[in-house]
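Labels for the chains are A, B, C, D and E, by order of writing; each one numbers its residues from 1.
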């Protein structure tokens, strides 16, 4: 069941997506002439590098701080390749560790959460090793991180996979010697539409209230769903200003990404090159 | 008017004015016993406390004329080469007893940095504004509000600094008059700093972030965020009382405030609910980890500097004896030597973002 | 005679703000005998003209405001536009600078209306205020004359000469005054004192009164002012043998008019400079008093006004008295209704 | 590849009236007194306790705050006995780069720091190397013996 | 949560955004608050000029601006925007007005789409009142526009002062250049 799902999802998504299909000429090679061109780049970049967008809270905004923060992020990115990855991707992080004998430490896991902006950006990796669930939080711009490898680049249906903690261990078990699965050049990032089976309650959270897409039927008594229905706030999606205050306006995004574009492109191009050179079929290592 | 004129006459012009003003019907003779009629108030504001902002009204000035006003401001305050002479001061080299001026800065946010050991620290970014010296009051002229009794050791002068230049037409005429002598553009913020008479700076001197050095320690003063009337849990961090187990109506209360009998009263200083915030606090002994010379930003340790983001704070050399600098400081302030400075100056413990990844070796 | 003056003072005190009381006390003491005489003559003539109206006839005034219209029944040769404005509302009475009759004639607010007409009121913030600006500038010159006349001590002989036709673009309003001081350059402080005197005078809220008189009376009024005395026949020749007089407080001057309603229409006022002119008018050197002012209803920040003050310090390019052609006051604007 | 029989067993257990041996509440995030812990070594007493569904409870934490952190020594009540143990993995959130586990793991030791078992069958954090080395004094207990029986570090 | 949401793109508003949203004393909680604002926004789109209490005007102004900017940005073929318009406009014929009238009207604007004035409050009332209107409405303007009247006396004076100032400035610059040229030529001669 598990082994077939990713491949199916991949082929399905290949048809639907056309995101990278037209990205034959990258923006840095061709100076941006058109306004629509810049806009399209923004559409790409904000998904790949969300941490470059500042904290949208109005009280905390300051253009100079944001500018300094971005320049520091770029300076760090020049020394380490921080690749494109999403919640649901499988990563291997190698970091300097003064406690290990080799002074290096490698951890493989699925990214279940990604948050924070600027230099505070971090991500949470989860794996099950010897039937023991282990999670490690990494700061993205921590100078002790030697490299981040994306072993499997894919997205999931939810923005946070914290429910994997309550799922059967099979869903978050990954081999530490897993090989890199390479996507064909120009392919969109596949969405893994796997539905996770949760363990019976007790849980760490009331998942039935979270409106999750990536879980199987929770098999709860009706009263749980009734209560979840009671607590829903369906009007919130109509609150235009709340929506506005949680995000950064497009004009500012264009400004930010056109500032960092050339620097980002360097690492992005290298990544694409790597992707092109070795192409292997996705192997089943779940 | 007559009163005002007599007070404003200076010795040199009196004769001339007498001669001429006699022509006018206005009499300018001195008023007898003036000091007794209007004794100086015991508590008074400093001389620079005037109405600052003009009543905001629309001037109905056309766009071209607005441009013209901007052009005049530009010509008057920015296009002139009022270079302060480099022989600012004195050949005095800094020694521990001397007090330098502080600066005004804006708290612009917080972000993490890492040490060479891999440890993460939080730093607050303080952007030093365009501080200019407006006026100096020598120790004998400066008249403190509350007189100190007895002999005063180590008398300090008072340096008035302004920060953040703004369009003069938004201020009142009186307020703009404060800046007339120094020739700087009227500033939004004014502050006084006590300095040793040796550390005096001529009016119009610019003080930059390089007044401080990376690795040294500073004290930062700011106005804390106003949180209004708060209970003891938020204001003093009390624990409150249990939510259940028979507790009624006393979940967030402070509880007992003292015993009875002879001590049957509220003791002074008892922690109780009240107004929280909106008062000046000083955080002392913060290390400067990094200085950005392009934007004049100091990166100072800590994330609890009083005040909200984008509020004004005041930075002084630290008073803590153990953290006073060993090396001489730029005195009375930093004067550029003309050579290009790197954009960022780091403390030696800091791992720069442009440096390669940290690698531990077996030795440490 | 003294009784009369007291009457005048009492009237002016009632008409103006209470704070004037302290000021007018000082002015009474310093009021010259010449001014007393002039005012006496002016009062008598005013009374005479009022009595000569005879039977009161009614006229219909059609008021046209920006949003509303009204028809008022007023008294011929007695009611003034200011009376109409008072009927229409305090705001209109306070803010109107000048009246416009039949859409073509500017009419002084305190000048009796001769006939039925259409009436509009102009203020300083209308879309086309050029004419009002000119009237304002003229009034400023007139008031400047009043201040220059009163500000000096008795030891200094002051004779007002004339003021040129108002030119707002020149940057300053002007009054040429003859002083028997050989070479006077005012200091900053003296200029400040003069400016304050002018502000005080404006704050006393004198209504600017208007009167047409015969040449003989005018000559009698200005018999002690050699310059005006010489100018009168010339002016009368251009004006059907009549001389138009204006009075604010105790100051009387010749001008073709019209003027603004009241001295309190002036807001920011500065007397920027007093410059000695290079002429050979007999009697002593001529000094040009220059100033700049804005109406009260126009707010301007101090920085922009400071630029205007600076510019007003330069010598105004208006015609210098005693040079070239004969004196001609106020020929720029014709505002007469043929009765 | 999915163990269906195991699932069935769990669900069948759930459908029965709550057994005394079965804990239905989730484990504590903070290690205080009476917190349930999980023995992860192969000591006899530990194995038996876990198999019977009677996990040990913390009855004392040997530090000043009374909240156990990684590497802290605790006193546990296990099978009616008092044993000392070391915390080798915590469920609560950790600092960046320090692993967080799904359960609160302990390794039983005796007074001299020697582990009761011979093997630890789950990974333990590498930071324990430094912490336990610091805690070990020349004349006191030697906790570093624990590191020798670990199967894997993360 | 200090990361910006990236799921939806919005255009920048041209009005000041308050750091905190007002609660507007709604007894029914946040839902009732939106109901209140909904009525105001509908009225504004319908009548194009309304008078109301200041806090509510200020709050609903932001919502109206958002609605119009989304309508311009995504057009009427975008499902989410259509849902929004359907929610915010109680009278459904206004949905057509939003997309067919207002969006074309404002598409080239570089300013805010609405304008707000403080209105005078009648004496015994102390509540701050405001007038909220859409720009480009058919009514006569509320306050005379004096901004570009060059004939006002202070503008006349400033115009002249500007001319005088610039003449002097350019003369000084020319004199400087002349002096510099002269010195250069003299040096060359030597």
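FYI, a contact is a pair of C-beta atoms (placed from the backbone, for glycine too) under 8 Å apart; a residue touches a chain by one contact, two chains touch by 3 or more.
Given the structure is predicted, the values throughout are model-derived calculations rather than measurements.
**Q** For everything except chain A, show me which chains still form connected clusters by touching.
**A** Once chain A is set aside, the chains that still touch form these groups: B, C, E | D.
**Q** Once the contact rule is applied, which chains count as partners of both chain C and chain D?
**A** Common neighbours, chain C/chain D: none found.
**Q** Would you identify the chain whose Cα-based centre sits farthest away from the centre of chain A?
**A** C
**Q** How many Å are there between the centre of chain B and the centre of chain E, using C-alpha atoms for each centre?
**A** Each chain reduced to its C-alpha mean, chain B and chain E end up 35 Å apart.
**Q** Please report how many Å separate the Cα centroid of chain A from that of chain C, as a whole number.
**A** 80
**Q** Using Cα averages as centroids, what's the distance between chain A and chain B in whole Å?
**A** Their C-alpha centroids are separated by 44 Å.
**Q** Quick check: what residues of chain D touch more than one other chain, meaning two or more?
**A** Chain D, residues with two or more chain partners: 96.
**Q** Pull out every residue in chain B that's touching 2 or more other chains.
**A** 58-61, 65, 69, 72, 120
**Q** Send over the residues of chain A in touch with two or more other chains.
**A** 59-60, 97-98, 120, 139, 142, 144
**Q** Check the chains against each other and report every pair that touches.
**A** So the chains that touch one another pair up as A-B, A-D, A-E, B-C, B-E, C-E.
**Q** With touch defined as at the start, can you tell me which chain E residues reach chain C in the complex?
**A** By the definition above, chain E touches chain C via 144, 146, 149, 151-154, 156-158, 160-161, 164-165.
**Q** What residues of chain D sit close enough to touch chain A in their complex?
**A** For chain D paired with chain A, touching residues are 1-2, 7, 10-11, 14, 24-26, 40, 89, 93-103, 105, 121-123, 126-130, 151-154.
**Q** Using the touch definition up top, name the residues of chain E that touch chain B in the complex.
**A** Touch residues, chain E against chain B: 146-150, 152, 154-155, 158-159, 161-162, 165, 169.
**Q** Which of the residues in chain B end up touching chain A in this complex?
**A** 108-109, 111-114, 118, 120, 125, 127, 292, 295, 297, 308-310, 351-362, 364
**Q** Tell me, which parts of chain A touch chain D in their complex?
**A** On the chain A side, the touching residues are 1-3, 95, 97-100, 105, 107, 122, 129-139, 142, 144, 165, 168, 170, 199-200, 202-204.
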